[in-house]
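Each of the two complexes below includes chain A, the first together with chain B, the second together with chain C.
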Partner chain A sequence: MSIDTAPTVSATALDATSGAATRRDILHRLLMTLGPILIALVIAGCILLAVGVDPLAYYGFVLEKGLFSPLGIQQTLTRMAPLLFLAAGLIVAFRAGMWNLGGDGQFLLGAVTAAASAPVFVQIMPAWLALVCSFLIAMVVAMIWSLVPALLRAYQGVNEIITTLMMTFLGTSLANVLVKLAFRDPSTTVPQTRTLPVEDRLPRLFETTITSGLLLGLAAIVIVHLVMTRTAFGLKLRIVGANPRAAVHSGLGVPGLTVAVFAISAGLAGLAGAVDIIGVQGNVRADWNPAYGLAVIPAVFLARMNGFAAIGFVFLLSVLSIGGESAARRLGVPNHFTLVLVSIVLIVLALAEYFDHRYNQSRRA
Partner chain B sequence: MVGCRRGDPFTPPDDSCFLVLGFMSGFSSSSVAGRDIVALEGVTKRFPGIVANDSVDLSIRPGEVHVLLGENGAGKSTLIGMLSGLQQPDEGRILVDGKPTPITSPRHALALGIGTVFQHMMLVPTLTVAENLLLGEPWWQRPRTEELAARVAEITGTLGITVKLQAKVSELSLGEQQQVEILRAMLRNSRLLILDESTSMLTPKGIDELGALMRRLVEQGLAIVFITHKLKEAAAFGDRISVLKLGRKVGEIPPERFRTLGEQEIVSEIVELMFGKQKDDPEAVERPVRTARAGADPLLQVTDLAVAATDNAPGLSSISFDIRPGEILGIAGIDGNGQKQLAEALAGQRTATSGSVRLDGAAIETLSVGERRRRGLRYLTDDRLGEGTVGTFPVSINFFLKQVGAAPFWRNGVEQRAEIDKRAAQLVREYDVRTPSLKTPVARLSGGNIQKVLLARELAEGAKVVIFNKPTYGLDLANTLASRQRIRDTAARGLAVLLISTDLEELLGMCDRIAVIADGALVGTVENVDDARTKVGRLMIGLAA
Partner chain C sequence: MTGLFSEVFLSALLFGAVTAAIPLLLAGLGEQISEKAGVLNVGIEGMMLAGAYLGFVGAFYSGSLWLGFLTGAAGGAAVALVMALLCVRIGLNQIVIGIALTLGLEGLTALLHHFQFSRSYPRLPAADATVIPLLSDIPVIGPAFFKHHLIVYLAVALVFGMGYIYRRTQLGLNLQAAGDKPAALDVAGIDVVRTRTIAVLTTGALAGLGGAYLANVGAGLFIPFITNGAGFLGIVLAMLARGRPIWVLFGALLFGVCLSLTTAMQVAGINIPTDIIQMLPFLAVMIMLVLFGRRASLPAALGIPYERGAR
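Right, the complex of A and B next:
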């Protein structure tokens, strides 16, 4: 490469010229995200047609129940609270190059500890302090649960994808055992934990049924985004993620950072469980496993681990899951069709990415 | 340097030559008659902000080694990219067999008979040689192993090389891997073989063997484009030389003239083309008389340092040396004898099993990488992209990779972008880093400019002892000279310098003393005076100095 202009830098001048390019870049990014989603909707529509359901009616119900009806949108926003916490946890881990897929186990253990501790705490201390303590305990328990994969990865180089997935099976079972044996509410016949009275749960926003956990979730994901992009700690994690050998060469304590990443990621998953219980559910029933952790992963990928974009995709996911549940009931489509839809979106998006890459290559060539 | 240029003992007899021609379906008899197989006419290629190739003409003929010579960033890689179908020219055209032919993809290039052996090996290390050679066949067919073995025997026989088909690629030396790549190109009936910086990874013996192999290939009627930035190789292996400079072709020595000139004349003519005024070998450096402060206490003292061997790296045993302020101690030796392990053990990246390292009198062998750096020990790695930088991060951040969290660039852990950009712009100017912007991902810069980023980072402030590991490896002449000057300036500032290099000339030109490393131990240390070359040479081949 020969240098055509002044060899060195005046960064500001260069920024000015790249303004138009940035705008084109954003437009391209939008097109590359929304286009595949539309295509995926069409493909999913074809599947619905094949099983004898009118896709327009289905999508209509989804939108109506998830977005346009007052009750639906409130449910959607309430559902976002735990999803945002989980997304925040995944962003930390994925940006640091660690694939914490154990979100569900961490989530459930957080949920169970919060459900077990909150009704006890509210009797012995002011309600706000009780909730804070429950949140903290849920977080700490989830962090401890992540310690095994974290230490194995940090000091033995064991692949965390496998260990976190295994720990999630164990965590789900352990949560069940805890509900059925240790924290079971003696006053009911159904195996579940004691129920936190509605007045002691997280306050609702204004005159709606939306939980204030939504605000906590938004705060969590924005803070995570800023920490990852603007702070020294976030940069260290990104260095570990982008080039672990450069991290060692630069004198970063990679094992310590690895454990920290898992702790933060799992802690946020535990908080997600707590916010769902303390804000919405009030108790944990045995065998309850909403599997939010796995559902959020595609949203985080679609957002390219950007916190603000993740908020948008989590909203979309909420609309789909709330609307999908009710549309499924009315049209006789299995409840899990939402997951089918999300996975089609993901596959189409990956294909779009691939063809875009190929196109760029051939154009550059 | 190379005695095999003409009258090579391995030259195959004529009939075997015909044998090769026989199975190479792409061959037409007319192409052997000195017409261009491939010609470039006024080819121009632009990248944002940069003209990589500026109306380049090139004619590539059968039976000729066409050397493409130029510094890093002269546009060699882009030119190769266009010939191998990775990139398309913006202007001008490429003629194949006299017909204008756009080369649209690497597959198309292969179909036209253009095979490329890239600088970095493109073999699958976990597969055997035979499996690698069979890659790219239609997936629904059974691998035609026997046919392959027969053809390989045919080709290797005429070339005088042996290839172990059943060996795993990871077990082969770099030179052998390269032969496999050349063989692969031959199996695909290549008429034009492009060798991109093929000597940069090879030992001197490997380079000579490659030279001999190229000679045999062109004698069979192949055309070879050989890219290098080493003048002596160009003079030794070439038939025709084209010199590229800043994207333009600044000169060509055709075969008729080439034959009439001696090696020295060719080198000086190339230097004339590349650098204008300089006449003599620019790499021949005059060693300045330095005033190493003989009386001063050593800045770095290493005593009985040992490192355990691992599966893929030799260990170190009882390494001891001192470096005084202002002194350059060289570590000579054949690559892979523990040089990297030594540098890493000193920097703290590798755990030492015993021994002590003292920096300015204080023991540092138990300290972390970061703490050693804070105390003034700097390690300039030879693996610039692998561990020296984070390729996807901007140039500006890469300057401060080892200072993440330190004031004034971070305050209370929060990034101060203005401070970072200000200092980065300063370093870019001071160290002449050529980058389109501070935000450019560092991996997009050329090797020389990445090295400048590393130099700026390690030498900027607070350095006392600097370890340079192969600081000019893979750099072009201008950057090599600039890097060497930086190293000399570093010592002149009163720092202690440990210079690890496999280039003996470099060490002889720069060091005060040279230690020789073999099998992870220092086998001797030589004062760099008149007879140092012989002494170091004797030590390197295992004789006492």
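Right, the complex of A and C next:
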């Protein structure tokens, strides 16, 4: 399984000296992204027609709610916060050639930890410190959770796809057990953790309902992108990803770096859970599993592990999921249609990229 | 507590374990073929769902379970055909397409179920069991293992069939070569793309069959997300089995016992969250990996699309 370590698109665009070429490049990128999305919308529209729903009305609602209505766009931007953290974690892992498919388990454990600790901390310390502590402890718990797959991969060479998948099943169950047995709010009948009061949650941005977690998420993914592309540490990780044997021969401490990659990746997934709980949800209900990780993984691939492109894809995912939820309610289509839409968008984007690549190759040859 | 470990309870527990294990077994065997041939098939969860839905539709409208298994396997293979075209023929990223297919089929089957069955939730009648004479008279073990639908015995026979194919036939060697050194297979004059396509389609058919069994025999109805991660468990089983079908069987039975225990505990009214029991098989496997974790023997070219002449 090879990782594409080609120089990032945005980097070449920035370095290009000729303004016209840059503009053409950006236009080309834009076309190659929007074109496939349009095609995907048409295909998904045919499915809607087949089940007797007017696709134009559906997409109208998606755009209106997900993008153009003031409240909708605020929800979309709020939804981006945890997704950005998850994407940042995956970028680190995938660029280093580690297939951390355990994001959902790490996310949920981070979420439960944050939900359990934040209401306690706010009573004994200033609110800002309480939130910082909750974030840190969520991050640490997720890091510890990734330690077993990390050590097994680093020192025993056990394939991390199996171990992280199993740890994600374990983590999902453990999160449920913790909610039901350890951190259950005694004052409610449904099993859930104690709810963090709204005034103690992450502040909203300005006069809107957008969570300030969005800024944290953006910061996380930009920092990750810069670390991976501009620092010696990032270069080391990319060498490990491109060719682990060459990395050993050039004197890199591959086992240590492996553990570090897993820790960073899982820590960011844990932070994603914390930002969703402390910023938006306020508590964790039993059996709550939004399974964000599954949708973010392909998005990160399509972004070619580029942080800035990933922000764009995460935005697209958020628009589709927030807009889709609303359109589903109004038209009586189950919300599951969003999954179909996301899936078709992913496949058509992957296809478009393939044909673009082929075209470029044949032109060069 | 006295009645808890009675003969009846024990054989019901084991019977449930076999029923729960069969979909995992079929998914694991299917995934094993793909992985042997060098294709990491993450779309198997979607293939199982397609099989579960179409299998149920087939059995429900025709009234024949066997026709249901057939449509289920065909449904799984149809999804696999998309995967084969995208990932084997033109070499798109297997993880992206696999996850996209899983997401899409989760949504599509739930959507179709909503418009078709969500008002009535129709059920199928209980499946006919094929009782094996003599063996089924053994106390405890007899009713647990020898009173299942015929397809269960066929699935177990398939384990040995696959073992034979892998070890003794040209096709088995071709599959192995397609996963370990596709270029060598190509030089030997055998089409890598074709070999891998056969593998992926077989995976789809087996996963679809597993899904159909889950819906038609295991549950008797189709509900959205009915597979609930069984496909991902299949991936885990295939990777742990290191290319040996018999280990997929053992693994599937281990997970089956734990799944069956969850239901049995609920029936017996024991007040432990089912999540704890659901963790047991994963814990067991993780402990095994920590204790005996050796380098996994995965095919060298797993996940890498084959392109003739590429360096």
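Simple rule for what comes next: the second predicted complex is superposed on the first by the 320 of 365 C-alpha atoms of A that agree within 3 Å, B and C clash if a C-alpha of one lies under 4 Å from a C-alpha of the other, contacts with A are read in each partner's own complex, and residues count from 1 in each chain.
We adopt the following convention: contacts are C-beta pairs under 8 Å (C-beta built on N, C-alpha and C of every residue); 3 or more make two chains touch, one makes a residue touch a chain.
As the structure is a prediction and not an experimental result, all values here were calculated from the model.
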Original post:
Once the shared chain is lined up, is A:188 touching chain B (first), chain C (second), both, or neither of them?
Top reply: neither
Original post:
What's your read, chain B or chain C touching more residues of chain A?
Top reply: C
Original post:
Which partner does A:208 reach: the first (chain B), the second (chain C), both, or neither?
Top reply: neither
**OP:** Determine, under the contact definition given at the top, whether A:162 touches first (chain B), second (chain C), both, or neither.
**Re:** second
Original post:
When the two structures are overlaid on chain A, which partner does A:360 contact: first (chain B), second (chain C), both, or neither?
Top reply: neither
**OP:** Would you check which partner chain A:251 touches, where first means chain B only, second means chain C only, and both and neither mean what they say?
**Re:** first
Subject >> Contact residues of chain A, present in both the chain B and the chain C interface >> reply: 1-2
Subject >> Touching residues (chain side chain A, partner chain C) in the complex >> reply: 1-2, 47, 51-52, 99, 148, 152, 156-159, 161-163, 165-167, 169-170, 173-174, 176-177, 180-181, 294-295, 297-298, 301-302, 333-334, 336-344, 346-347, 350-351, 354
**OP:** In the complex, go through chain A and note every residue touching chain B.
**Re:** 1-5, 7-11, 14-15, 18, 230-233, 235-236, 238-239, 242-243, 245-246, 248-253, 362, 364-365
**OP:** Provide the residue numbers of chain B that touch chain A in the complex, in ascending order.
**Re:** 47, 49-52, 54, 73-75, 78, 81, 85-88, 104-105, 246-248, 347-349, 368-373, 379, 381, 383, 386-393, 397, 401-402, 404-405, 410, 413-415, 421, 425, 428-429, 432-439, 446
Subject >> Touch list for chain C against partner chain A, complex >> reply: 40, 86, 90-93, 95-97, 99-108, 110-112, 114-115, 224, 229, 232-233, 235-236, 239-240, 273, 275-276, 278-279, 282-283, 285-286, 289-290, 293-296, 298, 302-304
